[in-house]
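Chain nomenclature is as follows: A, B, C and D, assigned in order of appearance, with residue numbering initiated at 1 for each chain independently.
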């Protein structure tokens, strides 16, 4: 399988999913102009969930990008793990709408957390498969990759599980954890990329 | 015609179609939070049809990818067969919504099956045209291609026809056949790609 | 301007526009299963307009592809003519919905025709600009291009104007003309590409 | 980070966002054919806001293209500034719908202006970051870039601020300023590209 086309297909799906999120941020039909400000205030939970899911898909896109960069060959298992990731990405608008429509309630936050957890687990299977088949990794990534302890997945899965549990007792706390974890993933990405750019600013292909 | 742009256009369409599927998985407006769990249960048939069609488009994308990989030149007939394939891909959200909205009923399952059958027939015409014009195939695929007996199309069309017939008597059986055939196509793809990756893990362009 | 990114952006827009067309082909909410067959029959005009617009965007994509293939440099005028083309492509879902919702009536058919006419006129301005600035054409296309009499635009604009006029007296005839012209453009494309592929089946870049 | 994939992802988002704009240009369900002309007249504000936002996204895409062209390496800050730009691009359908639904009223015009202002400020941060990290610029752009006084951002931000203030007193004037500024940005782009194409019509990569 041609890796470039898999990337193009995946990028297309990430791009469509992230753009569809806004379709639910809208004033109900028939609101008078004098009630518009109130209606906009009622939209705030939807705008918050829109921003959170934009961050989710944006950050996951970047991590997805780095996962594929390291690979030189796609086998059947990697194709299907990639399809499962894309399934979760295209599914994101659904839990996003739920937590926007029913803000700070248990069920939507549980579903949201399960989606994040699931995509994390698929990422873990991806890493596991490459540990068993390091021949699919580009040569200069292989040693570095095999030495990694992948503590990021544990560091991220733990708060997701906690947030899912908290959704039953303290939904706002649960929501806050999702935001903090995703901002953390964003900051981690930002630092990693700044470090890489400082080491090699020449723009050589990865 | 530049094959890369045909691939980009096709990939874009596959990506949009597969992402639009989720737009119909949603809670009706105005459901109270206390009725949310019931509403989510009522969504299960839609989620099932969403998953099935995601599998259809994902697997067809991969097969489409391999069809184009083998080709070095696009003539008018291949362009229009490709457009017909894309027509069916973009049409998929319609029967998907039908089988989600009217679960386990005859008409939606017949329409769904006819779409699958039609896209299979177009794939068959594609193979036929290349048998008559092997000069459009890349050199190292030509011999292998001409020796193929293409039994996959018969193996797949037969159960589709059976499922369409069964939709009149036993809709659940019909639905189950679609799922089994598509899982079968997925497993076949997975095996083929694992075999290819084992023979040549170097990531040489196909 | 990097031509590849202009192509990628344009391809993306064509792909999204052609896939969005299906969103209006749907059964109204709340139709009982026993009324489904009737509701499907009522959908036929929408399915027809969907098929017609799919053909429009598909064929225009291919012509757009060939227009860009011949060019080596994008100046400001070509960028804005391209944006105008994309404006009409993204607008297509609107008149498509109109002729599907109000089948065989004057206003929708006039709007549909004006869109086709407008995109044809933009194509004519594109050709005109390249006649005055042949330095933007790839060298091996230049002579051939400057000798062209571009009779296709007249051959196509004439029936569009007739169809718009007929929409006031004989809407079905008007609709039929759109279908015939677009099938004609498709057949012309098919023949051209078959001829080109026969002359050079080697897949050399255009 | 591979710049090509960032471009592909960005192009996809621009393409989807610009195509989704039309989804709100539609006749309400249930309008009789005899009332269609009146309903079309009522659509004019939505068509105007559609055209304006199409121009916004189209012109911003071109400027975005030139911003990325000059860069050879993406660090974390550039990635997140790019994500913020894309956030605003995907958000555009929301204020577009607002100014189409509530034409010539204060709140929608303020929100619209704030979005334009915000995306301008992100562009300013982008330029600032590159001034501090000129090593990420392609060598032949560096000197030219560092000499730029970037007066365009001030020239554009000033009327945006005026338009936002005017939205409270004279909404039509406010709307007119957005149109004039964006047409101005378009003309500026058109001139720049014509000049660049005249200097080097050879189509050498930028």
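What we mean here is this: a contact is a pair of C-beta atoms (placed from the backbone, for glycine too) under 8 Å apart; a residue touches a chain by one contact, two chains touch by 3 or more.
In this text, all values refer to a predicted model and were calculated from it rather than measured experimentally.
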When chain C is superposed on chain D by its C-alpha atoms, the rotation angle in degrees, nearest 5: 90
Self-contact between copies chain A and chain D, residue sets same or different by half: different
Computed distance of Cα centres, chain D from chain A, in Å: 26
CA centroid of chain A to CA centroid of chain C, Å: 37
Numbers and ranges of chain D residues touching at least 2 other chains: 8, 11-12, 15-16, 20, 23
Chain A partner contacts - residues on chain B that touch it in the complex: 7-8, 11-12, 14-16, 18-23, 25-27, 33, 36-37, 40, 51, 54, 58, 61-62, 65-66, 69, 186, 189-194, 196-198, 200-203, 205-206
Residue ranges of chain D touching chain A (in the complex, touch as defined): 1-3, 5, 8-9, 11-13, 15-17, 20, 23, 71-77, 79-80, 83, 86-87, 90-91, 93-94, 97-98, 101-102, 105, 107-108, 133, 135-136, 138
